[in-house]
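Quick notes on the structure that follows.
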Amino acid sequence: MAVSGTKTPVAGPQGDPNSLQASIKDAAMAAFLAGVLGFFFIGIRTDIAPGGLDLKMRWGAWIISILIVFAGRLLLNLFVYKTRRPVTRNLSIGLSGSESRLAQAGKVLKWGLFAFALILPFFFTTFFPGRDRQFIDLAILIMTYIMLGWGLNIVVGLAGLLDLGYVAFYAVGAYSFALLAQYLDFGFWLALPLAGLLAATWGVILGFPVLRLRGDYLAIVTLAFGEIIRVVLLNWYEFTKGPDGISGIPKPTFFGLELKRGEGGFADFFGIAYDPIQRFIFLYYIIFILALITNFVTMRLRRLPIGRAWEALREDEIACRSLGINTRNTKLTAFAIGAMFGGFAGSFFATRQGFISPESFTFLESAIILAIVVLGGLGSQIGVVIAAVVMIGGIEMLRNLGFLQQVFGSGFDPVQYRMLIFGLAMVLIMVWKPRGLISTREPSAVLKEKKRIGADMVAQGEGH
Amino acid sequence: MKTATKVKTTGDATPNWDADPVLSVEHLTMRFGGLVAVGDLCFNVGRGDITALIGPNGAGKTTVFNCVTGFYKPTEGRIVMRHGPGRQDDAVEAVTASGLKWQSTNAGGVFLLERMPDHEISHKAKVARTFQNIRLFGGMTVLENLLVAQHNPLMVASGFSLGGILGLPSYKRAQQEAIDKAVYWLERTHLVERADDPAADLPYGDQRRLEIARAMCIGPQLLCLDEPAAGLNPRESAELNQLLKYIRDEHNVSVLLIEHDMGVVMEISDHVVVLDYGVKIADGAADAVKSDPKVIAAYLGVDDEAEIDVPEIRKDVAKVAAESDGATAAGSKKASARKAPAKARKPAARKTKAAAPAADTAFAQPLMATGAKAPAKRGTAKASARSQEKTSAKAPEKARAPKTAKAKTGTTGPAKTAAAGGAAKSAAAATPAKAKPATRKPAAKPAPAEASEIKIANSGDYPGKQPHGTRKPRAGGGNNLTRIKGIGPANEKKLNTLGTWHFDQIAAWKKAEIEWVGAYLSFPGRIEREEWVKQAKVLARGGETAFSKRVDKGDVPTSVPGRRGAQPKKTTAKGGKA
Amino acid sequence: MEYFVQQLINGLTLGSIYGLIAIGYTMVYGIIGMINFAHGDVFMIGAFIALAMFLILTTVLGFTFLPVVLLIVLIVSMLFTSAWGWTVERLAYRPLRGSFRLAPLITAIGMSIVLQNFVQITQGARVKPLPPQIQGGITLMEGSTENGTILVQLSYMQIIIILTTVVLMAGFTLLISRTPLGRAQRACEQDRKMASLLGINVDRTISLTFVMGAALAAVAGLMFVLLYGVIDFYIGFLAGVKAFTAAVLGGIGSLPGAMLGGLLIGLIEVFWSGYFSVEYKDVAAFSILAIVLIFLPSGLLGQPEVEKV
Amino acid sequence: MSTRTDTLLSVRGVETYYGKIVALRGVDLDVHRGEIVTMIGANGAGKSTLMMTICGQPQARNGQIIYDGQDITLMPTHEIVSRGIAQSPEGRRIFPRMTVLENLQMGAALVDPSLFDEDLAKVFKLFPRLKERINQRGGTLSGGEQQMLAIARALMSRPKLLLLDEPSLGLAPLIVKQIFDAIRALNEEEGLTVFLVEQNAFHALKLAHRGYVMVNGNITMSGTGAELLKREEVRAAYLEGGRH
C-alpha cells in the first residue's frame, strides 16, 4: 500500500558509532557549534571606551575554545559514548548498584555522619588549628543549608508542592529577628520561636489562596511571592532600612552569657581563656541542634498520619480527597511547617551575620535550596545532607583555588568561575542522576519486613 | 441465594431500595457547558443492597459517581445519604430547609451530599469510592495505602500530630489498631503477603482489590465502585463477586457499582439502574432489568445493521415495530412473552456461572453475537445478549420488535438532544416518535393484501420515486436480502412490504428510487453509503461479496444464513421464544 | 489624559517585548511541560549578540544605512541566538526527556546560572551602553498642565517594536495553526508518544520549538538594546521572570495568551510606575498575577483543566 | 484472505525491560502478509509492551525485530513507523485538543498530501460516524468514537501492517462488534495485515487467522484462531494469565 516494499538487507539503522571517522565528524560538528556560540562572546568583547563601546577581537581565545571542544568531544566519543545508548543511561545502570549499596549503608552512614557532625568543631580545632575558623564557618554555612533543605523537603519532597520562593520564609525569619531586636530589643532565644511562628504565618497567608493552583502555577506564584517580599524589604526604607540592611543584630547568648571577651562573658564565667573560636563553635552547635530538631520533627511527622497524608497527596491528590483527607489543610500544614523551619534558619542567619540586607534573599538562594533538595533526592533526608555538602562545600572550595593562578597566570580569577561551575555541576548531576542521589523511599509503616521503594514507583506530585 | 429471596420478598410490596434507601439521588442534573451529562436523574440505593449502575459508554455513569462523591457539584438536584434505617423523610426535609450540610438524628444521620465537599463526604457521610483508572498511592506500600485511608481517626488519635511528635502511647495504640484493621482487609483481599510492597508493584487485579480494601478502611456505609471488574480475568471477576457479597453480607455495607461486565452485574446485583445519555431508562431488580427491552436496545444493541444511536435508525426500528404490533399480538400477550423467557432463563444462567470452566465463555459472551458456534455459549450467556441472538437466528423481528419499539422511541431524542443541551427534551421527543408509526400502520399493512402494485398511502410525501414492487415474490421465493450488507431482517421485512423481494429489484433502483426508499426507511444516504445497489448487482448475477460469504457461513448473526430461496413467514416467533 | 495615552504607548511597547519572550516560555511549556528558566538568559544572550553585531557593522565595517544594519542585526542575532537555544535544549533538557518533572527544572536553573556567568566572564560585569540609534517620532497629542506642556510621543522606535511584534505574532499564529509543522508541534504537546507513533520526529520538533523561542527572544533582545540602550549580563533574570509571569497570566501553553499576558504585564508596570511608585511596580505585576490565578487558575486564555476523576 | 505467506514481521527473542522490571522475556512470533494475527493474554502479561516494543518505545534490550526484511529493533520510533507500520495504541491516545480532521491529518503526516482526500473518503466510508464529527475535538468524542478515530488515524498512514491494541477495551458490546467488523473488512477487502492484541480472547480469536497466547511476558501457545479457541489450555492461560 504505502511505502516502497523493496527489500533491503538487514542492517542497523545507523552507521557504527564507534568508528573513528564518525567520531571525528561528530567532534567537528560540536566544534563548529562551539565556534558559532562562542563567536560573539569569546571571539568578541565589547568594552566601554570613551565615546561609546569598543570592540575587541580575541581570535586566539576563540580558536582555543573551539579546539578544546573538538578535543573534548572527540575524547568523549571515543572513550565514553561506547554504545549507542545515551551516556546517562550507561551511568545510571552502572551506578544503580552503588545506590542500593548506598541505601543499605544509609543507616551506618547516618550515624557516622551524625557522630562526625557532633565532634566536627573539635575535629577542626585539633587537626586544622590554623584554619579552624574558616572551616567551622563553612560547616555552619553548610549546616544552615542542610536545615533549609530539610525544611523545603517537607514541602517539595514529601507533599510534592513545588515552591520556588522558599527564600521568602528565610527572609521573614531573618528580618523578624533583626527587627524585633532593633525595635523591641529582643534577644535571639526569645525571637527565634517568634520568627518561626511569623514565617509559618506567612506560609499560611501565602498558601491559603494559592494552594488551589496546580504545580507550575503554584511554582510561579511562590516565586512571585519571594520576589514581592524581597522588593518590599528593599523599598520599605523607613522600616527595613532598604538596601542598607540592618546591622548590629545581637549575638546569641549561652543561657544569658555572652560570648565575648572580658567580664561577664562565657569564658570568664567558666574560667577559661577567651578565644574567638568559641563563638564559632557555639554558633555551630546552635545550627546543629536546630537542624537536628528539623530532622527529628520531619522524621516523626513522616510516621504520623499527617506525614502519610503529605506523601499520599504527592502520589495522588484525588484519591486523597476520596479518602476524606482535607487536602487544603494538609497542604497548608506542609507549607506552614516548612516555612517555620525556614524562619528558624533565617533568624539564625541574622544572628550569625550580625547584618542582613535584601541582597541575601534573592531567587538564586531559593534555587540553590531547591537544587539541594532535588539533587539529594526528593524526600530523602540524608540526600539533602550529601547534596548540601557537595554543592555548598564545593562552591566554597572554589574560593580557595588560588594555585590555579600559577597555572593560568595572574589575570585568572578562579572565584569568577565559581558560579559557572556551580551551574554546570547542577546540570551534570541532574543529567547523571535525574532522581537525585538517594532516590529510594523508606516506608513509614511496616508489617513484616521493611523494603525500600524504588524511585520509579514514587510520584513527584505537583502534577495533578 | 440472597438475591433471589430479596427479589421475591420485594416483588409486590415496595422494593427495598424505596423502602429503606441508604442513598437517594433526586432530580440530579449535571451540565458541562452546554452538554447535559446527566438529566433529571432519580434513583435510590437500598440499604444492604448491591446496586449496579449500567449503561453504554458516555451514558453519564461516572458523572453520577462524581456527583455522589463530591468531585463534581451537580447543577441541580439533591443527593441524600442516610445513616440508620428508614427513609427519614422528615429529617431530610428538615435538613434541606435548614441549609445545613448534614444533621445527626437519633435514627442515624442525614447528609446532603451535594452540599458537602468531597473529603467530608468520605469522612462524615461515610461514602467510599474507587476509581475507574485505579488511583493508588503507587510509591507507598500496600499497608501505608490502608493507613492513609484511616487518616481522620488517626489524626485525632495523634492529637493532630502534636501528641504523635511527642510519642504519646495513645497514638501508638491507635496506630496498632489501624494496622490491625488494615491487616483484616488485606486478609479478606488476599493481599497480606504483599503488605510491605509498593502498591505500584502489584499486578493489576491485586491493585483493584487493594483499592476496594482501602475504601473499606474508611469504614463506609456506602461503597461506590467504578468498574471494579474492568480488566480482570474471569477468575478474578468471580473472586471480586465473592468479595462484594462478603462486604454486603458481613459488613452491612451498601454497594453502588458501575460495571460493563454484565456477568458481574447480573450475578451480584440486587438492583440495577440503567442510564442512557444521562437519562434513566430502567430501574429494578436485576431479573426485570435484564429482559427489559429498553435496556436491550440501549445497551446490547438492536440489530446488526443498526449503527448505535443514529436516530434515524432508531426510528426505522420503531416503525417496523409498530407495524408488527398491528400485524400480530395484543399488548398483554407481549408482556407475558417478555417475562416468561426471563424467568425460564435464570436458573440456567446461575448454574453455569457457578461452574468455573465455563466462566470464560460467559465472560466473552455478552460481547459476542455470533451464530453457528455457540450453542454451549448460549447456555451461559446472559439473558439479554441471548435474547438478541435468538431473535436474529430464529425469529427475525416479530418477537423483538415490540420491545425495541418502546425503547427506541423512548430514547430517540437523547442521542441528539443530549448533545444539543436538553436531555429533558427526550421525553417530549418520545411522543411524536410513537405517534408516527401509529399513523403509518394502516397504510403499510393492507398493502400486500391488495393490488400487485404496492400502494403506500403517503408515498408522495417522500422525495424521489417509489420503486416497483410485486405483491409476492417470484416462483421459488424471494432472495435472502440480508446477504446485502446493511440489510438485516428488519429491513428485509420492510423491503418485502414494499414489494421488493429480489436482488435484481434492488439492482434496478435508480437515484430516484434510492432516494425514496432512503426517506421511507428514514435513513437517507445509507443505501448509497453501504452500496446496496452495487452489492445487489453482484448478488443478482449469482456472484458473492465478502459479506454475503460470511452470511452464508453463518458468521453474521443477524443476517439469515443459508437461505437463498423464499423467506418463510415467521409469525409464530413469540411462541418459539417463550 | 495625555499622560495616560503616553503611558499606554510605553506600556504597549514594554508589553510587546515581554510578549515576545513569553512566547518562548509558553511554547516550551506547551510542548514539554517544563519551565525553561534559562529562556530569560537566552534573551540576554540575544541582546548581547545584537549589540556586538551592531557594533561590528557600524564601527568595524562602517555601515551607516540604519534600516539595512538593523535588518542584518536582526537576522544574525536570530540565527546565533537560535543556536544557543538549540544547544541549551540539547545539553540540558534532552538527556532528561521522560525523566521526572523537577529534573529539567533544576537543569534549567543550572543553565540559567551558567549562561549568566558565562556572559559575565566573557563580557565583563559592567553595563554596556549603546547610544540611541533611532530617534524622533510622531507627536500625537499636546496638552498643557500647570507645569508646562506635555507631548504625547509615539517614537519611531516604539512603532518599530509594536509593528515587528504584531507581524511576528501573526506569522507564528499561522505557523502553529495552519502548517504541518505547527500541527506536529501541537501533537507533541498533547501526546508525544503518539506523535512519534505517527512518524513525527519528536526530538526534532522539540528542538525546533526551542529554536523558534530563542529566535523570538533574540528579537526581543534587539528591541531591548535599542529601546533602553543599556544591557548587562543580569537583564535576563528579571525580564525572564516577568515574561514567564506574563505567560502564566495569559494561560501557559497559549500563544495569544502569552502575548496578552505580556501586554498586560507591560501595562501594569508602566501604569503603576506612572501613577503610584516605580519601586513597587514588580509587586504590582506579581500581585495581579496571583489574584488572576486565584480566580482563573489556568490563566486568562489557558485551557481550563477539567479534573479527570 | 490472502494466500501469500511471506513474513511481514518477525519478532525473535525480544526482551524488554521497564527499569529493572522485565516485561517481555524473549518473545518469538511471526506475522505473515495478509493475515490477522491476534495475541491474547491477561492484563499485565506484556501484550501492550510488545506492541510498543515493535514501534521502538521502549526499545528491546535483547532480541531482534525484523520488519519487511529490515532490522528495526533499534530504530527510533518515527523511522519505524515511516516504513509502513501503524498502531492504534492502548488507551487510543487521541489528540484531545485537535479536531477529528486534524487527528486524521496527523495520521497522514508521512503520506503524500495529494492522497489525503482519497484516504479520508475511505476511512469515512469505514466509519461514517467520524464524518459527522469531523470538526469536533478528539477529547469530546465518546469512547467508541475515539476508538474508531484511533483506527482511522492509523489507517491514514497507508500502513502495510496495522497494530491494534485492545480495540474493544471499555466499549459497549455493540460498538465492539462494529469495530471488529471493520477490521475484518479491511483485511478481506484490502488485504491489510493486522496484528491485534486483545484481552477479550474469545472475540479476538474468532476474528483472527492465527493467534498467540502470552503469559507473563512469554508466548506460551500459538495456532490458528479456531484451534486455540478449542484448547483447554487457552482457557487456563486466559484465566490465569497476568504477572503471577
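Some observations on this one:
Going by the order they are written in, the chains are A, B, C and D; count residues from 1 in each one.
Here is the rule we use: a contact is a pair of C-beta atoms (placed from the backbone, for glycine too) under 8 Å apart; a residue touches a chain by one contact, two chains touch by 3 or more.
The chain list, named the UniProt way, goes like this: A, C = Inner-membrane translocator; B, D = ABC transporter.
Keep in mind that this is a model prediction, so the values were computed, not measured.
At the centre of the protein atoms shown, by the Cα-centroid criterion, sits D.
For this structure, the chains sharing the highest number of C-beta contacts are A-C.
Separating the centre of subunit B (ABC transporter) from that of subunit D (ABC transporter), both taken as means of CA atoms, is a distance of 28 Å. Computed from the mean C-alpha positions, the centre of subunit C (Inner-membrane translocator) lies at a distance of 44 Å from the centre of subunit D (ABC transporter).
Note: centroid distance subunit A (Inner-membrane translocator) to subunit B (ABC transporter), computed from Cα atoms, is 56 Å. Residues of subunit C (Inner-membrane translocator) in contact with at least two other chains: 307, 309. Across the assembly, subunit D (ABC transporter) contributes residues 76, 82, 110, 157 that each touch 2 or more other chains. Looking at subunit B (ABC transporter), residues 71, 131 sit in touch with two or more other chains.
The part of subunit B (ABC transporter) that touches subunit D (ABC transporter) in the complex is made up of residues 56-58, 203-205, 230-235, 260, 299-301, 304, 307-308, 310, 357, 359-361, 363-370, 373, 385, 529, 546, 550. Within the complex, the subunit B (ABC transporter) residues that touch subunit A (Inner-membrane translocator) are 69-71, 118-123, 128-129, 131, 135-141, 143-144, 147-152, 154-155, 158, 160-161, 164-165, 167, 171, 175, 179, 183, 192, 195-198, 200-201, 214-215, 218.
Of all residues in subunit C (Inner-membrane translocator), those touching subunit D (ABC transporter) in their complex are 180, 183-184, 186-187, 190-191, 193-202, 303. Touching subunit A (Inner-membrane translocator) in their complex are the following residues of subunit C (Inner-membrane translocator): 29, 33, 35, 48-49, 51-53, 55-56, 59-60, 80, 83-84, 87, 91-92, 95-96, 99-107, 109-114, 116-124, 126, 128-131, 237, 241, 244-245, 248, 252, 277, 279-280, 282-283, 286-287, 289-290, 293-294, 297-299, 305, 307, 309. Listed in rising order, the residues of subunit D (ABC transporter) touching subunit C (Inner-membrane translocator) in the complex are 55, 57, 76-78, 81-82, 86-87, 89, 93, 95-98, 102, 105-107, 109-110, 153, 157.
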